[in-house]
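What follows is a set of structures to go through.
What follows is chain A paired twice: with chain B in the first complex and chain C in the second.
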Partner chain A sequence: MDFVCNFPAFSIVLSMMGAIVSSALKGKWAKHLNMVILFIVMLMSLCVLGYTLQTGEFFVYTMGKFPAPWGNEIRAGVLEGLMATFFCIIMILSLLGGRKHFYQDVEEDRRNLYFIMTDLLLGSLLAMVYTNDLFTAYVFVEINTIAACGLIMIIRNGRTIEAAIRYMIMSLLGSGLFLIGICILYDLTGHLLMSSLKESVANLVSQGEYVIPLTMTIALMSVGLAIKSALFPFHAWLPDAYGYSTISSAAMLSSLVSKGYIFLVIKIMYRVIGFDVFANSKIINILFVFGILGMIIGSVSAIKENDIMRMIAFSSVAQIGYIYMGFGLGSQAGMIASVFHIFSHAATKALLFVAAMGLRDASGGSKAFIDLTGAGRRHLWAGIGFTVGGLSMVGIPTFSGFVSKLLFSQAAIFSNHKMLIALIALAVSTILNAIYFMKTIIRIYSAPGEEIAAGTQKCKSDIRYILTIVSFLLLNVLLGMSSTVFYFLIEKGLIMFD
Partner chain B sequence: MSKLRSQKDYEKTSAFRFWQWLSGEKDPYIGNMEMKEQEVFQESPIVVKEREIDHIKLHNKIYDIDHNKELKLFRIFYRISAVLLCGVIMAALIICVSYLPETGNPNNPTVNEVAERYVEKGTAETGVINTVTGMILNYRGFDTFGETCVLFIASSCVMILLMVSEEKLKTLPKNLEPKDDKILQYVARIIVPVLMIFGFYVIVNGHLSPGGGFSGGAIIGSGLILYSSAFGGEKIRKFFNENVYKCIKITALIFYGCVMTYYFYTGANGLTNIFPLGTPGNIVSAGMIFYINLFVGLEVACTVYSFYALFKRGGL
Partner chain C sequence: MGPNFIANYGEVIAMILFGIGFTNLLLQKNMIKKILGLNIMDTAIYLFLAQKGYIDGRIAPIIVNGVTEAENYINPIPSGLVLTGIVVSVSVTALMLSLTIRMYQRYHTLDLDEVSTQLRKEGL
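Up next, the complex of A and B:
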């Protein structure tokens, strides 16, 4: 076995050990350690990606002496390597972009705790990405949930604590449903390992046994993870959690935490239930309907919102709706579009949060729209970042959002019954997106009226902030311009899943 | 024939005193012991009324209950639909359960090669008598490492919420400390050593008998809590303060992580590891499981006590 095969396990253990060591360190050193770990993990994930591309096969790594199904095992393919690399990049950029506010928002003695949360968040995301065992997935889902709570309530005021409690209740409900699903599935098959589960499930389906419990399991697992990733009717916790926490947390929560769960859904679809079984079950229509409702209602709520942070948060609801709509199409093309949208949304939403923060700084810290007038002129880089993010979300060519919309509509055309609904929903949602993003972009570049007194001075951005914005822009353009590469990687990764 | 005792002699015996106490004629403690009646918790009715009015005002200001018909309707709708939804989910789950395989049937899918190997070869492969410990710490060691991290991150989260700065800790009012309760102290003096020894026993025997790091650690932690609530924080901080807590917790977790990493690395690459399995049944046997149980036990004990301390005064 090549040495590269150790890297997935090393990166998981490294980030968890980093968290443990951080609890003994002062905030500053914990921050440095966190950055070093993120870079090392990013390089390791890149190596894994390169290695799997080169060999053209996935590899399995036994965690310990005993092979699966007795022991634990993790599995790495192209898509896993790509996801892990991407998560690391987004996390580095989110932390860099929000650093200035982090120092303002978080007290000295709690800073190392924040980095414990980020390290463990990274570890759990990696484990969720690489896992080949449902119960391991559940354990790390738990870590992910608690870490996200910690990230929300690191600023301790009433708003964030209420948001964290809401998040915790909804999230634990989701975990509970997911766990019940795993229990029922275990009772039916006697396995927790994904590969063996898939065989047993295929057997059960072909013999027509246990139809009702099997449907129930699929429903419980997908609904549980949908709650956790804020699909439309379960999104009530989201705006507060994203809107009031510190900016790095908001960026990480929207672009990483919910995406981790969505990736787990994909993994379960392909590796546990089997894509054909999933596509033939009725659950997929439910996901489709709620995805479309989320696309529309999320955007409408975003238009009504008068607080820029909450507006971006509501936009997340709409974008997660897109992803679930892609699942609901039940075709390979739909899945590829969804996975691409995971990337493009993660890159864009984190950029929007960081840029919106810069706009707020240029307006005396106010979140209300009226005070943001002309903020783009006062804070150059924030304005550019927000404009690009907005354009990408709306779906202007050269940016990543365009490609995902294109892929979604292509997938919808090849779907038999859902074509019309999906296309109409895409069109309506694009228009709604355009309404609230263009409204904001026009406002931040128009001349401020005389009645606005708050923060009319120019705002200079530090080098770290510019670096973050530029990297996000490059990432966005890269996703938009060289989408064929990503398309190829995603397709290859999804084929490796079977 | 026994001699009949005179009344005077009888009054001196303990039996007489006991009978007297039982029938309520004389309480031996009255007059001999310092007693004080408990103060009744009193608030002037004005304060109570003001608070109630404030509460109602606040409520009305936020929700405007009297005029907001929509909210009223929504609340009714919300309650009904919540009950309905719960009912539907419960019914669905119960229906689903009734279709599951029968419990205890030997032909169930859960009785397969996985469970078979755990039961039949567990002792030979991992060196444990208690197969459950072998399963969670050796076969599925990665999951358990994750679970330990759940505890770690939970205690860090509670710290984010409740920890107060050190300067503030020093100026905390004294009334947070427990009263000098003689009965509790007497009982604690007897029970705490037993709890500690029992917890330690459960930890080190984790691979031989039911128990292990998690349960033993919880027992030790509850012993620490009992000690602290009987004798006060000052006494326990003499041997278990913030620094000791951090040292123990971090050392245990780092060692645990290192052992697990080493185990993953050697296991996956087909190398032999340095932990000898030993003779099953000995205290020091079962390879790394013995050490991991110790580490987990220390971590759990620290976490359990730190929850108590953080909720009590915001720091150890």
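Up next, the complex of A and C:
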């Protein structure tokens, strides 16, 4: 076994240890430690990605060297490496971009708590990405939920308390369903390790036994995780949680936390249930319908919203809808489109949050839409960032959003029954996206009236902010322009899943 | 169907309890009742697991008197899962209770909808 094979376990343990050590550190040092850990984990994930690409197959790391049916395993392939690297990059950029506001929002003596939560979040995300054991996945899902709740709660005001409670209630409902799903599946098969589970499930399916309980577990697990990742009818907590937390939290919650759960759904689809069984179950139709509804209703709510942060939050609901719609198509092409959209949305949404915060700064911190008039002129980089993010979300070529929309429509065309609905929903949702993003972009570049101009000042970005925006822009263009590379990586990763 | 229900009465009770807990967590207005619902829901899952791990006429998997044959003991894995689950549910309950205390100190109510109304009045 090569040394690289230790890296997934290392990175999980490192971020968990970082959280423990941070509790004894002052805010400043916790911040530095957090950054160092993020960079190390990013490099290790890159090594894992390179190694799996080079060998062309996944590797399994047995925790404590206990062999397969008894021990706990970590399994890494191309997609896991790519996902972990990407999560690290987005997290670094979100933290950098929101740093100025973080200093304003959080008191000196509570700053290290924030970095404890960030480290825990990173650790649990990595564990969810790498683990090969269903129950371990459940435990880390809960750790992720608690860490995310801490990220929302770090600002102390009434809004965040309410948002955190609503978030916790929905999340706990989701994890309750997920847990009972796992338990029933364990009851049916007697395994918790994903590879053994898949064999047993395939056996059950080929013998035609336990059809209803099996469908039930698929439903419970996917609906549980869908609730946690804020798929349409379960999204009520989302605008408050994203709209009122500090900006780094909002960026991380929308682009990482929900994506971690979605990645777990994909893993369960491929590695526990088996893709064919999943695609033939009726559950994907439910995911498809709710995905479509989310695409439309999320965008409509975003149009009605009068607060820019909440508007972006509602846009997340629509984008999560896209991803589940891709699952619902039940084909390999749909899955690739969904995974690509995970990357594309993560890169774009974090950029939008960071940029929107800059725009608000240039408007005297006002939340109201009308005060943002001309903000793009006052704050150059925020304006550029928001414009690019908006164009990418709408699906203008050269940016990442275009590629994911293209992949979705290609996948939809090859689907027999769902082609028309999916294409119409894509078209409608794109137009709705265009309405609210173009409305905002036009507003931030139009000349402000006397009244608004009087209350605002020109905003100079600090170097960290510019760096963040530029990196996000590059990431977005990279995803948009060299999509063939990512397509290749995702396809290879999904093949390795089987 | 009827005889199956009677034979597996433990699992049936666990599922009913799960439903009760789930609906309470979802629909109750009072935060404390919500948290009670959460605990009923989690405990129902542990009951289900314990039912599944138990085998009639066998004892807990602790070696006494040098008996090492697996046939004498029940399945230990569900018990392990229950222990892990309890740890998770205790920490989540603690977090929810602390959030509730925060909310009560600020708004002097345990009703989440009431808090939303007050927030709207504050215009935050």
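Some points to look at:
Here is the rule we go by: the second predicted complex is superposed on the first by the 495 of 498 C-alpha atoms of A that agree within 3 Å, B and C clash if a C-alpha of one lies under 4 Å from a C-alpha of the other, contacts with A are read in each partner's own complex, and residues count from 1 in each chain.
Here, a contact is a pair of C-beta atoms (placed from the backbone, for glycine too) under 8 Å apart; a residue touches a chain by one contact, two chains touch by 3 or more.
Worth saying up front: this structure is predicted, and the values here are computed from it rather than measured.
Contacts of A:Ile180 after superposition: both chain B and chain C are touched. In the superposition on chain A, A:Ile116 makes contact with chain B only, not with chain C. With both structures placed on the common chain, the touch criterion links A:Phe135 to chain B and to chain C. Once chain A of one complex is fitted onto chain A of the other, the partner contacts of A:Tyr210 are limited to chain B, with no touch recorded for chain C. Once the two complexes are laid over each other on the shared chain, residue contacts for A:Val13 go to chain B alone; chain C is not touched.
In the superposed model, A:Ser23 lies in contact with chain B only, and not with chain C. Applying the stated contact rule after C-alpha superposition, one finds that A:Cys149 touches each of chain B and chain C. If you count the residues of chain A touched by chain B and by chain C, you find the higher number for B. Of the two partner chains, chain B is the only one that A:Ser200 touches; chain C does not reach it. Of the residues of chain A, those at positions 135, 139, 142, 146, 149, 153, 161, 180, 186-187 touch chain B in one of the two structures and chain C in the other.
The residues of chain B lying in touch with chain A in their complex are 92-93, 95-96, 99-101, 108-115, 117-118, 125, 138-143, 145-147, 149-150, 152-154, 156-157, 159-161, 163, 165, 246, 249-250, 253-254, 257, 260-261, 263-270, 273.
By the touch rule above, chain A contacts chain C in their complex via residues 135, 138-139, 142, 145-146, 149, 153, 157-159, 161-162, 164-166, 168-169, 172-173, 176-177, 179-180, 183, 186-187, 192.
By the touch rule above, chain A contacts chain B in their complex via residues 1, 5-6, 9-10, 13, 16-17, 19-21, 23-24, 61-66, 69-72, 107, 109-110, 113-114, 116-117, 120, 123, 127, 133, 135-136, 139-140, 142-143, 146-147, 149-150, 153-154, 156, 161, 180, 184, 186-191, 200, 210, 212-213, 216. The touching residues of chain C, when paired with chain A in their complex, are 18, 21-22, 25-26, 31, 34, 38, 41-42, 45, 48-49, 52, 77-78, 81, 84-85, 88, 91-92, 95-96, 99-100, 102-103, 106-107, 112, 115-116, 118-119, 122, 124.
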